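In the two complexes that follow, chain A is the common piece, with chain B as its partner first and chain C second.
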Partner chain A sequence: MGIYNFRGGVHPKGYKELSADKPLKEFLPSGELVFPVSQHVGKPAIPVVKRNDLVKVGQLIARADGFISSNIHSSVSGKVKAVEPRLNNAGVMVESIVIINDNEYTLAEGVGEKTDYTKLSAKEIIDKIKDAGVVGLGGAGFPTFVKMMPQKPEEIRWIVANGAECEPGITCDDRLMQEHPEEIVEGMKIVLQLFPTAKAVIAIETNKPAAIASMKKAIAGDNRFSVLELKVKYPQGGERNLVHAVTGQYMESASLPASLGCIVDNVATLAAIYKAVALNTPLYERGLTVTGDGAAQPANYIVKFGTLASEIIPDEGGLKPGTKKVLLGGPMMGMAIPNTDIPLEKRNNALTCYLEDEVEIAQGKLTNCIRCGKCIRVCPLGLYPQMMAEAIEKNNLQRFIDVHGLDCIQCGTCNFACPAKRPLTQLFKQGKPLAMALNRINQSKKEGSK
Partner chain B sequence: MSTETSTFKHVSSSPHLRNPLTTGGVMMNVVIGLVPVTVFGIWHFGLHAALVIIASIASAMLTEYLFDLIAKRPNTLWDGSAVVTGLLLALCLPSQCPLYVPILGSAFGILVAKCFFGGLGQNFMNPALAGRAFLLISFGKVMTDYSYDAVSSVTPLASLNSGEAVDLGKMFIGLATGHIGISILCIVIGGIWLLVTDTISWEIPVASTISFVIFLIAMSGRGFDPYYLAAQLCGGGFALGAFFMATDPVTKPMTWSGQLIFGCLYGFLSAVFRTQGSMADTTTFAIIIANLATPLIDRMPVPQPFGVGKKGSSVIPGVEALNAPKRKSMIPKSAIILMAITLVAGGGLACVNMMTADTIAENERQAALAAYETVLPDMEITSDDALTAQVEQFAETGYGDGAFGRVYINEAVVGKDSSGNAAGYAISVSSMEGYDGEIAMSVGILPDGTVTGISFTTITETAGMGMLANEDSWKAQFKDKNVEAFKLNKAGGSTTDEEIDSVSGASITSGAVVNAVNAALDFFHNYVVAG
Partner chain C sequence: MSGSTLLIITIILLAVVGLLVGVMLVFAGNKFAVEIDPKEAEVRACLPGNNCGACGYPGCDGLAAAIAKGEAPVNKCPVGGAPVAAQISEIMGVEAGAAEKHVAFVRCSGTCDKAKEKSVYVGIQTCSAAAAIPGKASKACQAGCLGFGECMTVCDFDAIHVVNGIAVVDRTKCVACGKCVATCPQHLIEIIPDKSTYGVACNSHESGKIVKQQCEAGCIGCRLCTRQCETGSISVENNVAHIDYETCTHCGKCAAKCPAKVIVNRTGKVEIAETA
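The block that comes next holds the complex of A and B.
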């Protein structure tokens, strides 16, 4: 397979070198841990522990509520201090379980026991993934077991491991592919067991030669597997672009990868599937990169959920003096946090720390849109961001829908490229929910008139 | 919550990285791209060119500054767009123009075309070209006076149009007469800089050049003539327009396909104006008209979001598929209706024209015959193959190489007396230099060179002034005179046969008629009698 490219995209500075050679290291928290009940797409989970309960590592502390929801497990052993609302990373007070770590890390019963997954039925595998609370670790947090239950399983032809890691600065997936390629491959084999006729593709950007070599070595001898090399470009890891890379088919915003015969999962998610199914270990920790020019020690950690960001990057010793901005995630799609007293959860793959706030600098250079069209050229989905932004600024939501604004994935590419420094992505984040609401109103009106 | 360890950090929406390129940077790139052609212009045309450039830029910046001040708007000078406007305007001015020209032009462009519409990004036409159009209309003579070094000379394009040879190499380098930004070589160097720095994209320069060449081949009547095409590409402001003005981000379409359409439109209009128009300037109006079409063009290409056309459906129980909006065409209904009306009206006109074409030709024939009979009374009008052949050799270029202005010999016929001998000649001649365009007339000449009279077939001059030339008393001045050539006497009170009194207040009309009659006489002496 050649090196895949797509139309559009940008080249933000990568600075992956800050943390690329730092091996994954387990980070042991010392203080209290906070587990928000909503760490995934869907309905928040329901706490099943109460104050002063004793919990062990891997023990269920909140159970899924409904179909699109996910279990949450404790990452430490200790005592429940409280079940109360706490600030989550989106700046919202969310019901959270607070646990005081006893630093013993006593495993719950059965956790870590090996199971021969080849003897399991499809239903048993899916139930194990569901019970382990595995969600998409690429950042969306969509419950993984749902993806494993397409309406037409016989039509699934591709299992895609997304190892593109196109966000600047983040290296935890890269390290995972280098250090534990067998976990990813085993995870894919488990998924292949659900879809026996499918082929497995591992997609990696070419700026990770060590990961490519490592994955190629791990899949050697199994002709169901292949590695797809992607051109270094942001947003190469976007699902629709990835599905196109693998299948050559275009995926519309209204469809899911499964309709084109694809199951797309992040490499870390696949490793989590392996642990859940073969090792009976629920999802309670993940890889996380600490990077940016404001990080005193860029590193890749295995972080236990619930750990406060301030433990990993304390003001003294973790952050360089004068650090202006801390992001959960990478610089293109990550979220800025007002302070570091925020628990890390399933969807967080990085802590990016900056001495300079580029957005602040850019705001000083804001001008009217000069209609240069750069946003249109770089949009990976072929949208017209300038027209979308104009529609929202004029509060014309119908126009926003007409220019296909609802297709926007808010990857930030247009915003990055804009010389006039217009806050495009911010406008889309504001406008999209309003436009979707309008869309629903229009539809119910249509149905009402029938 | 243990907030004592954490200090408040900056928050903002993603993305948190920004491309270093800014609006000011874009403008700076354009200025850098214009440096070669500017330096060349100053070197070639001398210091006055530098003064024109400085005056133009200073005026543009001052206008914007004052407007911001008076309108209580934030100062926007730092974005650099005023500098670009001033510089671009100066580059398409004659090098020796008085300094009030660039000052007024820049001020108009910035104030009317840009500031009044909301500043940078809101102007609907290129401010530099708006300023230039204003100057062309207001100071037509100054704007087309390309003399320098106290030598009045014609531009290469004017030479080309009158059939003279031009030096392509010198035109390309810029060693010719014209506006300050004349060096095609330097423009191309600057254009490559813009392309390399991604300040402009290739669509507009490429599409406009290709479409310009194609339509020149189609409309110039010269077919595929590489020499002529190269001279057209190197002459005038086409290249400066293609690289620096049509590509102005604000007034061009934003989409890839829109830019191709826009480029083609610019090339097409330039070719039409150059081959069919009479204006000295083609680039300005071609780009301005294309600018006006931009909002429509921007709505025309249907955006193709990733994967459109592939049917999608929700495959997961309990998950509702995101309802994708109907992919409707972006062409506004009004545009389609307008286009339909235009097509119907245009088609109707074409039909009427086709149906009446024969009648019109017949009417014109009758008018011409009547005119011949007026000037050659009592003779039988017949055509003569030898005479017709003599006339045809001047059909393309006009008669007299400009000695009589732009004059065409349309037809020459023989008047025969009752015994069948040639008793007189009638020559139909048109001057294009009437106050309102063409004046066509028949001139009757006896074999000895005596003019029997003139009769107009086409004259649409100003009523009460130029139209007085059609009075019999004025036309009688030519009657029964036997002279080498007539001479216009603007003062009136003529005494000799040669002198013709000008129609009062209509010396242009009178001059055109005298020139046409002289051309007819010249033709008579050189080709009818001699031939």
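The block that comes next holds the complex of A and C.
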């Protein structure tokens, strides 16, 4: 298979060299840990521990509420200090479980016990993934077990491991593929057990030759597996691009990868599936990259959920003096954090520290739209960002829906390309929830008139 | 035929055609005349003509028609207020009744010096953009005024301004058209009777402890005000006090006792707006 390319896209500077050669290192927190009950897409979990309870590593501390929700487990052993609202990484007060670490890391009963997954039924596997609180670790945090239950399981032809890691600066998936390729491959084998007729594809950008070599070595001898090399371009790791890469078909508006017979999961998610099913270990830690020109020591860590960002990047020694901004995630899609005293959770794959605030600089250069059409050329979905932005600025949500604004994946590509420095992505983030609400109202009206 | 004869014939022909058409138009005008209520035109002349829509009718023409038909009360126009209501009642020949003046009131007093900051916000400088972010803008409080002044831009009467980080209503200019109420993404503005002296200038539903951390001027839900009130017009729901403006006697006892000073004397606020 040749090197896959997609329409549109941009070429931001990689900055992978800052942390690419740093091996994954376990980060042990010393202070208290904070577990917000909402670390996933869907309904917040319900705390099942109370003040002064003793907890162990891997113990359930909040249980899923409803179908689209997820369990949360403790990442340390210690005592529950409080169950109270705390500031989460988006700057909102969220009900959180605060645990004081006893630094002993006593494992809860059954955690780490090996299971022969080949003897498990499909339902048992899905239940294990669900109980372990596995969610999409690429950044969205969608409960993974829901993805494993498509409406037509017999039509699933491809299991795609997303190892593109197209976001500049982030290298934790790259390191995972180099250091623990067997975890990813085993995880894929477990998913293949659910869909026996499917084939497994591991999609990696060509700027990670070591990861490609390592994955090729790990899959050698199994003809169900293949490695798909992708051109280095942003946003190569977008779900729609990967589906197009393996099937050759473009996904329809508002459809899921399952409509073209694909299940796309991040490589870290697949490793988490392996740990959940074969090792009985719930999801309580993940890879995280510390990078950016403001980071004193760029590194890749295995971070326990609940660790405060200030422990990883303390003002003294973690951040360079004069660091202005810290993003959770990469420079393209990351969200700025209000301060470093916020807990890290399932969806966070990087801390990008900046000496200068790029948004502030862009605001200084802001001019009117010059109708150059660059945003339209680079949009990976073929949308019209300029029209969408105009609709939001004029508060015309129906127009936003009409120009397919709801298909926007908020990748920031148009924003990156815009010579007038228009804040396009922020406008879409502002307009999308409102437009979705309008869509629901329109639909209920339609149903009502029938 | 010479040129002059042609000219004369043309003129005569045109004159005859013009006369015929004129006669026809007069006839049609009388035959198909639409009866216009003279009162409607008179009422329309009295109305201010802002076409703001605050009355709920499509512009001043719509309201004039409704008043002339007797469908709307004569004091329906909030912009014109009592003087316009008096003029219209004279035309319509009915009693104007006591048209109660209403004004907008912003339920936030978290000025720059009182509300604590949790971060720096450098994104799009509009309320709706900032309100769409989970953590809102720079203020620690999630429920308060964001201070980018979208209410100010929609106000047709120059009656609301951002002063020291929060929106402040100038009650002498406010006509309670409700445009700012509809615009505010934080749903902070309400329309209240102008006679009510006191209002609760806080919208935070957080518990007292968190409110204290976030803002010096936040309602902590202590219920001291409810104990002071003799008429039972004040209640605390969701950790924030509410005044029932119908029964409030404007005694000011609640405001005097309020430890966070969030029950404000609105008559004092206008002065701040004018001096700033």
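Here is the rule we use: the second predicted complex is superposed on the first by the 449 of 450 C-alpha atoms of A that agree within 3 Å, B and C clash if a C-alpha of one lies under 4 Å from a C-alpha of the other, contacts with A are read in each partner's own complex, and residues count from 1 in each chain.
Please note the rule applied: a contact is a pair of C-beta atoms (placed from the backbone, for glycine too) under 8 Å apart; a residue touches a chain by one contact, two chains touch by 3 or more.
No experiment lies behind these values; they were computed from the predicted model shown.
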Chain A as common anchor, with chain B and chain C clashing or fitting: fit
Which of chain B and chain C A:Val92 touches, first, second, both or neither: second
Chain B versus chain C as contact partner of A:Gln151, first or second or both or neither: first
Touching partner for A:Phe67 - first (chain B), second (chain C), both, neither: first
First, second, both or neither for A:Lys429, with chain B first and chain C second: both
Touching partner for A:Asp357 - first (chain B), second (chain C), both, neither: both
Greater chain A contact set [chain C / chain B]: B
Touched partner set for A:Ile46, first chain B, second chain C, both or neither: neither
Touching partner for A:Ala296 - first (chain B), second (chain C), both, neither: neither
Where chain B and chain C come nearest after superposition, their Cα distance in Å: 5
Overlap of the chain B and chain C footprints on chain A, listed as residue numbers: 87, 336-339, 357, 359-360, 423, 426, 429
Contact footprint of chain C on chain A as seen in their complex: 85, 87, 90-93, 336-339, 357, 359-360, 363, 395, 423, 426-427, 429-431, 433-434
Chain C to chain A touching residues, read off their complex: 118-120, 122-124, 128-129, 132-136, 142, 206-207, 210
Chain B - residues contacting chain A, complex: 1-3, 5-19, 21-26, 76, 79, 81, 118-122, 201, 249-256, 259, 298, 303-319, 321-325, 327-328, 330
Touch list for chain A against partner chain B, complex: 10, 12-13, 31, 67-68, 86-87, 146-147, 149-152, 168, 240-241, 244, 249-256, 258-260, 310, 314-316, 323-327, 331-341, 352, 354, 357-362, 365, 367-373, 376-377, 380-384, 386-387, 401-404, 406-407, 410, 412-413, 415-421, 423, 425-426, 429, 439-440, 443
